[in-house]
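Every chain is named by a letter (A, B, C, D and E) in the order it is written, and numbering of its residues begins at 1.
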Amino acid sequence: MNLHPLGADLLTTLVFLPTLGALVLAFLPGSSKVAAKAIALVTSFLTFGVSVLLYRAFDPSIGVPEAFAIDRPWIPQFGIRYQLGMDGLSLALVLLTTLLTVSVLLVSCGQEIERIKGYLIAFLLLETGMLGSLVALDTLLFYVFWEVMLVPMYFIIGVWGGKRRIYATMKFFLFTMAGSLLMFVAILFTANVHLHATGIQSFSLADWTRAASSGAWHLAPATEALLFGAFALAFLVKVPLWPLHTWLPDAHVEAPTGGSIILAGVLLKLGTYGLLRFAYPLFPHAAARYGPLLAVLALIGIVYGAWVAAAQKDMKKLVAYSSVSHLALVVLGIVAGTGAALSGAIFQMIGHGLTTGLLFLLVGVLYSRRHTREMADYGGIAARVPVTTTLFLIATLGSIGLPGLNGFIGEFLILGGVFQVSVVWAAVAATGMVLGAIYLLTLVQKVFWGPETVPANRTLTDINGWELAGAFPLVALIVLLGVFPRPLLTLVEGSVYTLQRAAVRVAPENVRPAAGTGLKRPGVDERAAPRAEAAR
Amino acid sequence: MSGFLHVSGADLACVAPELVLAGFATLILLLDAFARPIRAFFPYVTLLALALANLAGGNVSGLFFGGAVESSGLTRFIELVACGAVALAVLGGAASLARDRRNQGEFYALLLFSAAGTIVMVRGVDLLVVFLGLELMSLSLYVLAAWYRDVPAATEAALKYFLMGALASAFFLYGVATLYGRIGTTRLTALQGFSSSSSFVPFDVLLGAGLLAIVAALSFKIALVPFHGWAPDVYQGMTTPAVTFLSTAPKAAALIVLLRLLHALFPAGLSEPWRPLFAILAAVSILFGNVVALSQRDLKRMLAYSGIAQMGYAAIAVATFTRDAFEGVLVFLAGYLVTNAAAFLTVAGLSGGETEPRTLGDLAGLGRRHPVAASVLSLSMLSLAGIPPTVGFIGKFLVFRAAVDSGLVGLALIGVLGSLVSVGYYLRVVYVLWMKEPVGDVTLVPEDLLSGAAFLLTAALMLAWGLFPRALLHLARGAAITLSGR
Amino acid sequence: MNQLWLIPVLPLAGFLLNGLVALVASSVRAEQESGADHAGAPLPYVQRLFHGVVGVGSVGLAAVLSFAALVPYAIGSLHAPGGLAPIVQKVYTWMAAGDYTVDVAFRLDALSALMLSFVTFVGLLIHVYSVGYMQKEEGYGRYFSFLNLFMFAMLTLVLADSLPLLFVGWEGVGLCSYLLIGYYYDKDFCAAAGKKAFIANRLGDFGMVLGIFGVFALFGTADFSFVELAKRQALSGNAPLGVYAVCLLLFLGACGKSAQVPLYVWLPDAMAGPTPVSALIHAATMVTAGVYLVARCSALFVLAPDALTLVAWIGAGTAIFAATIGLAQNDIKKVLAYSTVSQLGYMFLACGVGAFSAGMFHVFTHAFFKACLFLGSGSVIMSMHHEQDMRKMGGLARRIPQTFWTMFAATLAIAGIFPLAGFFSKDMILGSAAASGHWGLYAVGLFTAGLTAFYMFRLVSMTFFGKARGDGHAHEHAHESPATMTVPLWILAAFSVVAGLLGVPAALGGSDRIARFLDASVAHPEIHEMSHVSELVLMALSLGVAVTGLVWAWRWYGKAAGPVEAVSKQAQAFYGKTGALGRLVANKWNVDEGIEALFLAPFRKIGTFLWRGFDALFIDGIANASAFLVELLGDLLRFFTTGHVRNYALAFTLGFAALVAYVWLT
Amino acid sequence: MTGVLPGVAPMAVPPGAFLVVATLLFAIGLAGALLKRNALSIFLSIELMLNAVNLLFLTYARMRGDLAGQMIVFFVIAVAAAEAAVGLAIFVALFRAHRTVDVDKIALLKW
Amino acid sequence: MPAGGGQLVVFGFASFLALAFALLMVVQKTPVRSVLSLVVTFFGLSVLAILLAAPFIAALQIFVYAGAILVLFLFVIMLLNLKEEAADKDDRPVQRTLGLLVALALGGLLAGATLHAPVPPRGPRIGAPIPMPDEIPALGRLLFSDYLFAFEVLSLLLLVAAVGALLLSKRRFE
C-alpha cells in the first residue's frame, strides 16, 4: 500500500543515492580533496533530505512496515523479491542514519584525513548498506544489505584505524559474520518450512509473519527455538549483548572518529532493530520462552558493561563499554515487551545514537589534536576548550539520563515498562542509572576538570567550525527530544502496537489498552483492534 | 547405429564449436610456424575463435553421431564456460607471456584444444567419448604445465600433473570397463534405461567399485580431498594464465560429467550409501581446503586450496542431487569461473615472471599503485568468501538452499563454518592490498588493453550476476533440465 | 496569575542568555590564552553588569510573579474553610507511551505556595548577594547562568504537578549543585566533591524512580491527584506491602537529596562550592526538597505507619549524629553544613511523627536563619581573605559588626531561643513528637537541641569573640562587606527573628496559622491534643536545654584568646573531656574512610578484574584461542601435501580404497 | 562370473579366469605405480594398468559377444600411445631441468 | 585355434607369463629390465586377446605397445642414460608398506568381487555381434559409423600429443 503521491521508488532513491555518490567519487578524476568532500557532502545532504521527505509524508497510524512499499521480483526463480517498505520504527532509524552520516562527513571535512576519497566512498557505501537493511522487507534482501554493511566498515577500521586496527577489524568482521552466517542458514530453513507449510516459495517478511502469527508453520518447539536462536544470535552479536560484546571495545578504540560514530550510532541499533523486526515476530513462542534468559543476559550486561566502563583509562573504550550497558537496557525493554518498554527501547535506540554519537565525535575532536585517547593525557582542559567541554557535558548528561534530555525518556519508559513485568528486573536495571553517573562523570572529571597537568594541552585548540556543524544537530536533538519526545513516540507507536499484537498470544498480560497513546485513531484500530480483542 | 561414414549437417552443427576451436588452433599452429612476426596478434585470433565458437554453438539440440554426443542446454553451458575460461586466461596472460617471450602460438593452440576437449567431455553421451574429451583436455594441459620447460618448478608441476592424470585415467577406464561388463553399455542414455528396465543389475560391490573408480578419477580433476594432492603444486608451478583455465573449466566439466553419470545410474535420486559418501567428500574438502589455505603465503597455493574448498561447496550439490542443486551448482561454477579468473588476473600481472613465487607480500600496498587491479582482486576475494552483492554469494546461496531444502542442514552448517574460516585468508589478501605498507616496489606489468578489459569484464560480471542473477539463473536452469531430465 | 509556567521559565531564559554569552566570551578568551598560562582575571565591567542584570533580573521577575500568584492564594485559603482548591495548569503532554502518560503541568497549593515564597525570596536575596561576592571571579557569567538554571529547576520541582515532572526539577537541582560545587573546576577536590554529590543523589534517585513507577502501579497515575486517591485509600487493589515499598523507595530519594543518613556524606563536601551556593542550595532550598517530597506524599506515608516510624528514626538519628560531628569542626562552613544536616534530621523527625506541617514550618524558618548564617560566614571568609579555619579567627565582632550582629541573631534563632523563629518551629516538632507519644524521639530531639546551641555558639565565640588569632595581617585588612552583601544579611536576619510568628501555638495565645494553612495539602493523622500546661512545660524544658548549651559553649570558647595553639589546646581539652569518642567525632566518625574501604575500593578492583580478567582473558581468550587453533591445524595439515608425487598417488589410492570399503560395508 | 551370456558362443576357459588375471595385473600395475621411484617406471606401471583394463574390456566383450569392447580397446591403445609421447617428452624436459627423474628427489613444490 | 583343453593350457601359460613378468617389472631396479619384462607381459596379453576372439587387438598389442611405445621408452631411457635406481635404500617405509598393502587389498577385493559377481543379464547391446573368426571388417565398419566422432577426437588427441612432444623436447625457445 503506497501511501503517498511521492514516487513509489522514493525508498530506492533513498537507499541508492549514496551509492551513486560513491560511484561519482570513484570515477572522479584527479585527487582534488575539495571536490571529493563537496560531492560526498551534497550526496549525504540529499539523502537526508529524502528521509525528511519520507518523514513528512509518513502516516504514523501505520503499524506494519508497508509505507512507500516497493515490491518487485528480484530472483523470481526462488520467490525472492526486491521488497522495500517502512514503518515508524524503520523511519526513525533511517532519519538517525542519514543525519549521523551527514555529521560524520561534516566532521571529516574539518579534520586532516589521508586518502580521504576512499574514506568518503566507504561511508557512502556504508550508508547504503544501513539504509537498505532498514527498509528491506524480503529476508534475503535484508541479509544482503546486512552483509554489505560489513565491508565498508571493515575498510574504515582497517585503513583509517589506530595501531591495532587489523586485529580489531578482523575481530569485528568475524564476530559479526559468525552470527549472520548462522542466521543465513536459518533463513534458508525457514523459507523451506514456509514452502512446505504454505506451498508458496517466498522470503517475504510479510508472508512469513502472517504465517507465523497464524501458526501455519506448525514448528516443533525445539525447531522454533533453534531458528530463534540463530536469528537472535546474529542480532545480539551486533547489539552486542554480554557475553558477545568483546569485539565492540576493540572496534571502537581502533576505528576512526567517523567509524566509531556510525558504529555506535547505527550499526548497534541494527541489532536491536533485527530483534524487533525479525526474531520476535517470526518466532513469538520461542521468544517468549527464552525471553527470561535474554533478560538475565541483558541485566548482566547492564551492570557488567557499566562496571567495566568504570575501570577504563581509554576514553573510547569507556564509551564503548557504556554502549554495551545501554544497549543491554534496550534489549531488556524489548524482552519486557510492554507498550512503554517497547516505545522506550525504540526511543533509547535513537537517543543512544545521538548521545553516544556525539560523545565519540567529541573524543574524536580531542584525538585529532592530541592523538591520544588516554584520559591521563588530558585533565583540566576545560578552560582551553570551553565549547567542547560544554557539548561533552551535555552529551554525558544525556547519556546518563538526566531528565530534560533525550536519555531520560528512553530510560524512564523502558524501566517503567519493565517494572510492569518484573519489579526485580527493573530494580537491577535501574542500578545502571547510578553506575552510569559514576563512570561518565569520572570521565568528565579526569579529562576536563582538575588542574592543567599536561603541558601539551596548553596549545589545545577548541572544536572548529566543521566539527561544530557536525555536532550541533546532535546537541539540538538531544535537548529537543528530551523536552518534546512526543513526535518520536507517536511516530513509532504504530509499530509498538503491532509488536505487542505479535506477542499477544504469548503473553496477553503484556498488552493493556494503551492509555492516551492516541492509538484510538481509526488508522490503527480498524486493523489492530479486532485481533487484539480476539486475542484476549 | 548410424550409417558408414555418414555425417549429417546436423551432426556437424552439433559439434561446430569444437570444430571451430580445433580449426583455429591448427591455424595458429600453422601461422606460428610460417608467419612468426604476427605472434602479437595471436591473442586476438584466439578471442575471435572463441567468439565464433560461441556463435556456432547451440543451434541444434538432441543426440547426434548415432547417439554418441548431444547438444543441449548443458553443452551450451559448458561451451560458454570453457570459452570464457580461455578468454579470461588469454586476456589476463597475454601481457606477461609477451614480457617473458613465451607467447609462442602453441600456447594459444593448446588452450583452444583443451577447451575443445572440455566441451567434448560434456558433450559425450558415450563414456568413450567422454574419456577422449578428458584426455584431449588433459594432454594439452600437461604440455601447458611445462610451458616454462626450463623452469624446474614448471617441469615438476608437469610431472606431477601428468603422472597423477595418467593414474586417474587408468582408474577411469577400469570403471568404464566394469560398467560395460556389468551393464553392457557405455552409453549414458542406455544406462538410464537399465536401472528402470526389467533387466536391473543388483548393485553389487563390483559395480560399486567401478562407479567409484570413475568418481575417484573425476574427483581428481575436480580436486576433492583426498584426490587433491596435485592441485597446489601444479597451481604454483604452472604458468598463471594456464592456471586460470585449469582451475575453472576442467573442474566444471568433470563435475558435470559426474552429475550426469550419477543421474544416469540413479535417476530417482541418490540411494543410501552414496549420498552420505558425497556429503563426506564435500565436508572434508571444505574443511581441509579452507583450514590449510589459512596457512598459505604463496598466492597461487592459497588459491589452490581455496579452490579445493570451493569445489567442496560444489560437491554439496552432488550430495543434494536435486534439480535445484544442479541449477545452483551450475550458477556456482559460472560464478567461480569469473571470480577465480579475476583473482588470477592480478597474480598473473605481478612482476618477477614465472620464475619467482608470488607471495602475499608482493601485493603489499598495491592498492595505492594500481587501485583498479587491487579493487578487482578485493572484489573477487569477497566473492570467493561469498559476501553479497557478488556472484559468489548467489552461488553459495543456491547451493546451500538446495541442501537445506533436502534436509542436509548439517552439511550447510559445515559449509557455513568453512566460509567463516575462509574469511580469514580472503580478507588477509584485502588487508595486504590496502592496509599494508609496501616493502619492495612490486608492480604489475603495464596494464595493457587486454588485461584492462579483463579486469573490467570480470568485475562487471561479478557484480552484475550478484545483483541481477536472473539471466545466469535462466541459463543454469536450461542446463539443469538437461541434467535432471525434468 | 494564570501563567505559572512563566515562573520557572524566566530563570531558564536567564540561564540561556547568561550561558551563551559566558560561553562565547570564554571561548574567545581561550583563543587568546592558547599556549599561555591561564590567568583568572576578572571580567570586564560591562559583561559583569550584563550577567548581573540578567541573572538577578530574571529571578526577580520570577519572584514578583510568584508572589503575585501565591499571596492572593494564601490569603484566600486562610479565610476559606478547608483552604482553596489547588490551582493546576497543564502546559502540554510530555510523554505518552504504554500505560505511562506524563503531562507538563504546574500546581499551586498551600505546600507549593509555602515553598515558592521562600525559594524565590531567599533565592533573589542570594543572587543579589552574589553580585558582590563573586565580582572578582572569572567565571562570573558561568556562575550566574548556573544559579539561574538552579532557580529554574527548583521552581519546577516546587510547582510540578506530577512526580515525574517533580523528578525533572529534582535531578535538575542535583545537576546544578554538581556544577556549582565544581565551580572551581580546576581544583581537584571541588570537582571530586561535585561528582560525589551527584552520585550520592543518584543513589537516592534510584529509589525515587522505582518509587514513581510504584505510584503508577498503585494509582494508575503519578500526578498529585494520586494524593487525593491515597487520602480516600482508593488504592487499585489494596496493596499494603506495595505501599510500604513505595514509601521507602520515595524516602530513599528524599534521603539522597536531603542528606540523611546514610547518604548525607556529600553535603559537607559540597561546601567546596562558593558560599552563596552553599547558602542557597545546600542550606535553604534544595536540600529541603526531600522534606517537601515526603510532605507532598504524606497521604501515602500515613497509609504505612511503620514506614513513617522509620522516617522518624532516620531523621532523629541523622539529627544527633550530624550534631555530634558539628561539635568538633574547625572549618566555619563545615560546622554550618553539619548543622544543616542535623536540622534536616529534625524536619524528617517531624514528618515521621506525622507532624508534616511542623516539618514544613521548620523548613520555612530554617531557610532564613541558615541562609543568613551561611551568607554571614561568607562575609567573614571574604573579610579574612578566604580563610575558613575558625582557629585563625576571633575578635572579628569589632571588625565586621554588621556581619556579627546578623549572624548572632541567626544563631540565637537556630539555637531556639524564645521568641526567635527557630524556637517556634523546633518546639512544634518536639511538641508533636511528645504528643504522638514517641518519647524516645522526643528525648533525642531535645538533646540535639542542646548540642545545636553548643556548636552554634562555639562558632560565634571562636569567630567573633576573644582576641584575634592567626596572622595579624589578615585582621588588619579585615573589613566589612559591600552593601550588596550586607543588605541581604539584614533582611534575612530580620526574617529569622520574626518568621516564627507565623506559627505561634495556641498555648502562647497564637493561632498556629501555618498548620491551618498547610492542612489543606498535607495529611495530618490524629494526634491527641496535649494540655496547654504540659505544652508550656515542654517549651520551658527545651528553652532550658538550649540555654545550657549556649552557656557551656561560652565557658569553653567564649574567652578564647591568644595564638592558635591556645585554642587548639582547648580543643584538646574538649577531646580530653570526651576521650576517644571526641577524636572519633572530630574525624566525622571516619565515615568517608569506611565507605572508601568497604565499597569504592572493591568496586574499582572488581571492575578492573572483570575487564582484564573476564573480558580480556576469558572471552577473548576463547575467541583468540579458537582462531589460533585453526591456524595451527592448518599449519599441521599443510604437511600432508608433502610435495612427493608418490604420496599423492598413495593418497589417491587410499581414498579410492576407503570409498570402496565404505560402499562395501554399508 | 563364470560363463558367457546366453546366445553367445561358449568359451572353453571361464571368462572369470580372464577377469581375475586382468584384475591382478591391474593391482600389480598399481603397486608398481606406488612403489617405483623412477618416473619412467611409474609410468610404465600405469601402462600395465591400462593393459589390464584392456583385457577386462576384451573379456567382457567376449562374454557379451559384443564388439564394442574391442572397439574401446582400440581407442585406449591409441590414447596410451599419445600419453606416452607427451609423458616421455615431459620426462625429458624434467631431466633437463632437474638432472634426475627420481620422483623422490623432485619436491621443490610442497606444503 | 586349439580345442577346449588346449585353450586351458594356453591360457594358463600365457596368464602365468603375463603375471610373472609384470611382477618382475615391478621388482626390477633397472628401468631397462623393467621395460623388457613388460614386453613379455604384453606378449602374454596378446595371446589372451587371441583366446578372447580379438586377434586384431592382439596384433595391435604387439605392434603399438611392444613395438612402438616400449621402444620409445627404451629410447628415452638411453637418451637420459638412466642407470638403476639410486642404490640407497628406499627412504619411505610408510609409502612402501602402505602402498603394498593397499595394492594387495584392492587386488584381492576386486578379484573376489569379480568372482562372486553373478553373470549379468544381457542388457542393451551397443556394438555389433562378434563375427568369428574374422572381426576386422566389422570393427572397421563400427569405427567409421558409430565411433566416427570418437575417431575424430582421437585424431585431435594425436595432433596435440605430437605438438606437445615436439614442443617439450625442443631445447631453445624462439
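Just so we're on the same page, a residue touches a chain if its C-beta (ideal position, glycine included) is under 8 Å from a C-beta of that chain, and two chains touch if they have at least 3 such contacts.
The structure displayed is predicted, hence computed values, not measured ones.
*Asks:* If we look at subunit D and subunit E, which chains touch each of them?
*Replies:* In this structure, the chains that contact subunit E and also subunit D are B, C.
*Asks:* How short can a path of touching chains from subunit A to subunit C be, counted in steps?
*Replies:* Minimum number of steps from subunit A to subunit C: 1.
*Asks:* Compute per-chain Cα centres, compare each with the mean of all protein Cα atoms, and return the closest chain.
*Replies:* Of all chains shown, the one whose C-alpha centroid lies nearest the global centroid is A.
*Asks:* Going by the average position of its CA atoms, which chain sits the greatest distance from subunit C?
*Replies:* Farthest chain from subunit C, going by C-alpha centroids: E.
*Asks:* From the C-alpha centres, identify the chain that is farthest from subunit A.
*Replies:* E
*Asks:* If you average the CA atoms of subunit B and of subunit C, how many Å lie between those two points?
*Replies:* 79
*Asks:* So how far apart, in whole Å, are subunit A and subunit B when each is placed at the average of its C-alpha atoms?
*Replies:* 43
*Asks:* Any idea how many Å lie between the Cα centroids of subunit C and subunit D?
*Replies:* 100
*Asks:* Using mean CA coordinates as chain centres, what's the subunit A-subunit D distance in Å?
*Replies:* 67
*Asks:* For subunit E, jot down the residues that touch at least 2 other chains.
*Replies:* In subunit E, the residues touching two or more other chains are 92, 95, 99, 102-103, 106, 109-110, 114, 117-118, 120, 122-123, 125-126, 128, 147, 150, 154, 157, 160-161, 164, 167-168.
*Asks:* Residue numbers in subunit B touching 2 or more other chains?
*Replies:* Answer for subunit B, listing residues that touch two or more other chains: 128, 132, 135, 139, 142-143, 146, 149-150, 159-160, 163, 167, 181, 184-186, 205, 209, 232-233, 424.
*Asks:* Indicate the residues of subunit C shared as contacts by at least two other chains.
*Replies:* Subunit C, residues with two or more chain partners: 627, 638, 641, 643-647, 649-650, 653-654, 656, 660, 664.
*Asks:* Each pair of chains that touch: what are they?
*Replies:* Contacting pairs: A-B, A-C, B-C, B-D, B-E, C-D, C-E, D-E.
*Asks:* Can you check the complex and tell me which residues of subunit C touch subunit D?
*Replies:* 638-639, 641-646, 649-650, 653
*Asks:* Help me check something: in the complex, which residues belonging to subunit E touch subunit B?
*Replies:* Residues 109-110, 113-114, 116-118, 120-126, 128, 141, 144-150, 153-154, 156-157, 159-161, 163-164, 167-168, 173-174 of subunit E touch subunit B in their complex.
*Asks:* Quick one: in the complex, what on subunit B touches subunit D?
*Replies:* Interface residues on the subunit B side: 128, 131-132, 135, 139, 142-143, 146, 149-160, 162-163, 166-167, 169-170, 173-174, 176-178, 180-181, 184-186, 232-233, 236-237, 301.
*Asks:* Which of the residues in subunit D come into contact with subunit B in the complex?
*Replies:* Residues in contact with subunit B: 1, 19, 26, 29, 33, 39, 42-43, 46, 49-50, 52-53, 56-57, 59-60, 63-64, 66, 68-69, 71-72, 75-76, 79, 82-83, 86-87, 89-91, 93-94, 96-98, 103, 106-111.
*Asks:* Using the touch rule from the top, collect the residues of subunit A that touch subunit B in their complex.
*Replies:* Contacts found on subunit A: 75-78, 140, 143-144, 147-148, 150-151, 154-155, 158-159, 165-166, 170, 173-174, 177-178, 181-182, 184-185, 188-189, 191-192, 195.
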